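Same chain, two partners: subunit A is paired with subunit B first, then with subunit C.
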Partner chain A sequence: MTELIVKNGFVYDPLNRIDGERMDICIRDGKIVKSVKDKAKVVDASGMVVMPGGVDIHSHIAGGEVDTGRLLRPEDHVKDVEVKTAVTRSGVGFSIPSTFTTGYRYSKMGYTTVMNPSMAPLQARHTHEELSDTPMIDKGTYPLLGDWWISLEHIRDGLLEENAAHIAWMLKATRGYAIKIVNPGGLEAWGFGRNVHSLDDQVPNFGITPREIIRGLCKVNTMLNLPHTIHLHTNNLGQPGNYVTALESMKCVEDLARKDKPVLHITHIQFCAFKGEDWGRLKSGAEEIANYVNNHSHVTLDMGQVVFSDTTTMTADGPFQFGLYHLTGNKWVNHDVETETSGGIVPFTYKRSSAVHATQWSIALEIMLLVKDPWKVFMTTDHPNAGPFFYYPKIFAWYISKKAREDMLKKINKRARKRSLLPTIDRELSLYELAIVTRAGQAKALGLKDKGHLGVGADADIAVYNINPERADPAKKFVSARKAFDRAAYTIKDGEVVVKDGKIVKQVFGKTYWVDVECARNHCRTTRARADAKIKKKFKDYWTVEYENYPIREGFLHSSAPVAVKAEI
Partner chain B sequence: MKVITGVTCPVCGTFCDDLEIVLDDKNKIIEARNACAMGAAKFLNYSTHRTKTPLIRKNGELVEATMDEAIEKAAQILVDAHYPILYGWSNTCCEAQRVGVELVEEVGGVMDNTATVCHGPSILGVQAAGIPSATLGQMRHRADLIIYWASNPWDAHPRHPERYSMFSDGRFEKSSWIKYLSKLRGEMSKKKIQRASNLVLKKDFCFAPCHEEGLPCSMYTKNRRTIVVDVRKTRSADAADCFLQVEPGKDYELLQALRVLVNDGELDVDEVAGIPVETLEDLADVLIGCKLGILFFGLGLTMTKGKHRNIDAAINLTRDLNNRTKFLIMPMRGHYNVTGVNIVTTWQTGYPFAVDLSNGYPRYNPGETSAVDILCRDESDAMMVIASDPVAHFPRAASKNIAKHPLIAIDPEVTPTTMLADVILPPAFVGIEAEGTAYRMDHVPLPLKKVVEPPEGFISDQEILRRILQKVRELKKRDMD
Partner chain C sequence: MAITLIPKRVFKFPIEGKNISPDVFGKKSEKEIAALEMWEGNRKVSIGDLFDIKVDRSSSEDVTIKIEGNVGTVRNVGFRMSMGEVIVDGDVGMHVGEEMSGGSITVSGNAGSWAGSQMKDGTIEIKGNAGNYIGAAYRGSTKGMSGGKIVIHGNAGHEVGCFMRNGVIKILGDVGIFAGIHMNNGTIFVQGTSQGRAGAQMTNGKIVLAGHSEDVMPTFTIEDIKAKVKVDDEKIEGPFYRFTGDLADDGKGKLYVSKSENPYLKSYDKYLE
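Up next, the complex of A and B:
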């Protein structure tokens, strides 16, 4: 029995409504408990902020797409190396770090759970192999299902219960956590080099529209009672004027909302909030998006905050990535996956001097600050698409300090500065709100009941930061606040101190969460058996691998953590 | 008798996973259904000439040893070395490769794999230009134009055409198998008529070519069409609709010429690489006019004059074609799990091959940190070879220097490399006697099955490497104390 007590820190635990109260957190055997004996090991958090470990709902850290990106860019690694130590493996960093470095760098910032948002089901085994080699954090991954032939056919034919059964099979086969949808319909069109441009475009060869795909999968998600909502990368990503598509995507599932629970999560909303007819007249659509979200409760968003840096874009949105290759002339990887999805990688640099990039930078901040309820908006950079994740502390500073934003505003393109709403926004997030948008809210949206909070029964994933809110106002002293978030005083994972003063002191390997859907009724069991038989028959026609070689054994995961879920059908 | 289905073949990058291995009552493999000649040969004969025990060289002779003795000797060699190369990796599974990187890091050596003498230039090409590609099912479902350039699947990837390209059936495109049979029948008839008329008319008779120049008529049909570009007419070329013979060493010019044409430019010469420009103009039209084209390429591009520049040109041609239609490109990876070791090494170190970990962090500079180059400069002082046979394939100057220094070999068979080794550790055959994960040429990961038990005392590559790593750590600690 290992006992630990984090003593006397300023605790921010929004899920339990604790706002900077000085209190002790007690840990036993990796879980938070009410009290411990005097012999417990002490972590002295006096004068420091204590928060749940960071939770990242969307960060590309593992899998085929990420690894091809790593291979593509030796120039990205050569400037940023990690030397082997007695405790840690060597590696390389910058925008696409090697797996060990990824885990270490997240942990040094006090992060303890990261979700890999994009996984081609056929290559799921690869994602899990890499996640097994990513230390320090708990993880999960979302299979791409928005253009999956079997799903498209069922939605087209109105067979939603059958589709639900197939998706339950797919989530188990790939050990996935949520339904990921990217440019619905567009990826199938990209199989022949085409795309879709509106929610009501017909997907070639399938007689279905993106609207039907989103609605169909939203209903399936509710039928299966999955812990997270559908996770949507909208159509028309990165196109001037696309804020209209984002609004339409949110509207198209309004009627499917149940009570006040979200039914849709739109990811990296920044890339979908462009107003204007072309790049020359690009403006921010943040106000319209924020207004909608302020008046509806069925949607959550993560930001995709731009950081001015060299980075690498990688998404399943093949046609979008092709467009980016045209825009930049950079090297371009395309990887379409049979029957399922697509993908592309293009290196990219965000410059302060560019009116477009600077506007993009402003958009995500505007949305974060204009949406009143912090439980609806989450901090991400869609790593590495809008910026490498190690820039998170810089973003925290922009959230909590108007002065930090002003400092950056002074340096950006003049036209973008004039258009930006930021000078008119005084709001500064409190540490409580920061804890929501970087951990509590993300954990809640994911349905991870033991994460993102410090109540009794939670996993003992804790971050201690050297910020004293009584001595210095973080809004004014944002530089030292940023440094504190950069190098956690302590990171505790499953009740063990793994980081001290920003250095890894112990290497641990976390768990991989996935959803194990159980049937509530006999009717569902029959449907599932039928679905399994149907997939088996269709397998040879659809894929180039054998049915028995597709699903991943649970033992393949380094440490499997199934989340049992009872379907409503 | 037992039949094990869904077995992944452990031979080439085609990774057929539909093999059915038949075992007799004594659990010996007696048949490998669906396998090509290479796959069948491996499953039926893998054990015939294998090394039966670990061996250590004493007084110039290889003598039997226990696994523990061999591991101790191997670990000692690695610990004593200043700049060891740990090379090969392609004939084993990802689980072993993962331990391998950790071992190389622990001993401060160089991690290199067979891509260094194979598709390394392809990787360099990708690092320069990217790569528009897909998984093989996309070709099966959608490709109506297939090009094998400097690649001879008939010999090297026998089931590739029937599983993924010209002889496969997809959702949107059907197999051109019947077209090929008709072509064969037509040619056989032609030969018969020619022979008969020569006998009767007592003079040489030849059919006039059905087209003066340019591409064969079948290139303009709607169904799947195949082009083979090679320096010689191979069996793959016989099966194709169109064969273009390129002058040796001139692939680069040909690729760039096609780029000019595809981008609406004009060529001022009459021929390029031995092919008339009119034919190339027709070819450019065919390339642009297809629904989805795929360019499979092999060692004829990576290991001839130009090397990675050839690949660069091929990738750029594919990129240019994407402005007009949908076009993809894929290297025909051959050596079992070489794709896997590139993938594993990249995720653990950031780089796919030729990774120098001697300074405690990954460094990558092919030409400086690649095995052949290090060996030719005689800069390494020990080598561990696993799951490959460099002495059979490397330039003689490099192999000479392999022989100069201590050599560890982890290989189940007797090879030129093992014959030079100071320690031989024979493992179980992964994919037959041990499980694992491996990657197909298009980066799709597949499970390797254990079909039979290994002989008594034989352990997997993974286990051998783990024990060597453990011993290395013990020896290093002992040295420090």
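Up next, the complex of A and C:
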């Protein structure tokens, strides 16, 4: 039995409504408890901020795309080399760090849970191998199911329950955590060199529309009682004028909302909040998006905040990446994953001098600040698409300090500065709100009950930052706050101190979350059996992998953490 | 300030020599220089373990590093140097003068691959032969040499000036295949023979082949015949066939190929009438 007490810190625990109260956090055997014995090890947090460990809802850290990105970019690694230490292994950055470096860097910033948002089901084995090799953090991964043939067929034939049973099986087979939808219908069309451009375009060979896919999977998500909502990367991503598509996507599931529970998560909203007819006239659609989100409670968003840096874009959105290749002329990879999805990778540099890039930077900040309820918006960079994750502290500074934003505004493209709404926004997030958008809100949206808070029974994942809100206002002293977020004074993972003063002191391996859906009714089992026979035939006809070899055994995961869910079917 | 390094023994293993640079040695005492870190294979060593060091402060302010002996396994000599001089009396390893932005490097023997890769300014002179990727970009990068001058008196290997953005490379001996591949700007001059495919995927810049060339890529189109061509203040006597390419990449690069050394190119004459 190991006991630990984090003493005397300013605690920010929004899920338990604790706002900067000075208190102690007691830990026993990796869980937060009411009290510990006197001889418990003490972590002195006096004059420091104590928050739950950071949670990242959307960060590409493992899988086929990430690894192909690594192979594509030796020049990215050479400028950022990590030497091994007595505790840590060697590795490389920059925008696509090796697995171990990914874990260490997240941990150094006080992050303890990271979700990998895009996994072709066929690459699940590879993804889980990489996740198992990513130390320091708990993780999960979302299989791409928005262009998955069998699901599309079920939607076409109106077989809602069969689709739900099938998705439940897919989540188990890939050990996935949520339903990820990327450019619904577009990726299937991309297999034939085409794309879809609105929610009502026909998907070739299926005769259904993106709207039907989103709605179909949204209903399935609710029927299966999944902890997270559907995780949507919208159609028309990265196209001028696409804020309309984003709004349409939100509207199309409005009637599926139950009470005030969200049913849709739109990811990296910045990339689909573009207004204007072309790149030259690109403007921010942040106001419209924020207005809608302020008036509805069925949507959550994450940002995809642009950071001015060299990075590598990678998504399952093959047609979008193809467009990006034509825009940049950079080297590129594009890929069609059998009957499942597609993928693309293009290195990219966000420049302050570019009107488009600077506007993108501004859009994400505007949405974050214009949405009144911080429980609906989460900080991400869609790592590495809009910037590598280790720039998060920079973004925190922009959130908490108008001065920090103004400093950057002065340095960006003139045209973008003129069009930016930022000068009219005075809002500065408090540390309490920052804790929501970087951990509590994300954990809540993910349905991770033991994460993102410091109440009794929660996992003892804690971040301690050397910021004293009594001594200095972080909004004014944003540089030192940024540095403090960059190097956590302590990161505690499952009750063990793993980072001290921004240095890894102990290597630990986190768990991999996946949802284990239990279908209650007998009816469901018979549906499953029928479906099984159908799938087996399909695998013989179309896949390069045998049906029997497709699912991932639970033992394949380094440390499996199933989240049991009872479905309504 | 002149610093002389004499190898204590024959080096068998690759040595990481990033610290052998006038910028690093600059204001250091003999003792401090001797303590500078190096890697020999997988062992951490110091410069003092590998070299006898002599420091002479009587001479000028400029920092001159002289290596007396073969250091063919020592890589990254003169890494990111911005001033001063490095003289190697013998062979030197890979990546000599990588990312340098000033000063000069002279090698009396041979140099390994990647000499002057990504250099920005300064000069490198190699009296012997050099390896592949002279003045090139790092693997995967599109930013090759962007300034300065490299002169190789002997032969050079393949892909000289890969992704070159500016500056001059002069090779007085022969080159391998793909000289000036992906070249963006700058000048490459080859006195000896070229193994062919020069200028593949070049988008701009100038390549002058004064000797025999195995081929001219079919994606280059003939422009005219020039009697002379200018290479870095020097007029090279021709005549030269002048080609434009690489058309496969919509390139506007200029490829000059000696007329007298390449009689097989006569077939192009009919397009010039």
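Definition applied: the second predicted complex is superposed on the first by the 569 of 569 C-alpha atoms of A that agree within 3 Å, B and C clash if a C-alpha of one lies under 4 Å from a C-alpha of the other, contacts with A are read in each partner's own complex, and residues count from 1 in each chain.
Keep in mind that, in the parts below, contacts are C-beta pairs under 8 Å (C-beta built on N, C-alpha and C of every residue); 3 or more make two chains touch, one makes a residue touch a chain.
Predicted model only: the values in this text are computed from it and were never measured.
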**Asked** Which of the two partners, first being subunit B and second being subunit C, lies in contact with A:V83: first, second, both, or neither?
**Response** first
**Request:** Report the partner of subunit A that touches more of its residues: subunit B or subunit C.
**Result:** B
**Item:** Partner chain(s) touched by A:T113 [first = subunit B, second = subunit C, both, neither]
**Value:** neither
**Prompt:** If you stack the two complexes on chain A, which partner ends up touching A:P74: first (subunit B), second (subunit C), both, or neither?
**Reply:** both
**Shared subunit A contacts, counted only where both subunit B and subunit C touch the same residue** = 72-74, 78, 331
**Prompt:** Given the complex with subunit A, which residues does subunit C contribute to the contact?
**Reply:** 137-142
**Request:** Please name which positions on subunit B make contact with subunit A in the complex.
**Result:** 5-6, 8, 17-18, 94, 98, 102, 105, 123, 126-138, 140-142, 163-164, 171-172, 291-292, 319, 322, 325-326, 328, 342-344, 346-352, 357, 359-362, 364, 437, 439, 443-447
**Asked** Quick one: in the complex, what on subunit A touches subunit C?
**Response** 72-76, 78, 331
**Request:** Spell out the part of subunit A that touches subunit B in their complex, as residue ranges.
**Result:** 62, 64, 66-68, 70-74, 77-78, 81-84, 89-92, 96-100, 122-123, 125-126, 129-130, 133, 191-193, 205, 322, 325, 330-339, 342, 345-346, 541-549
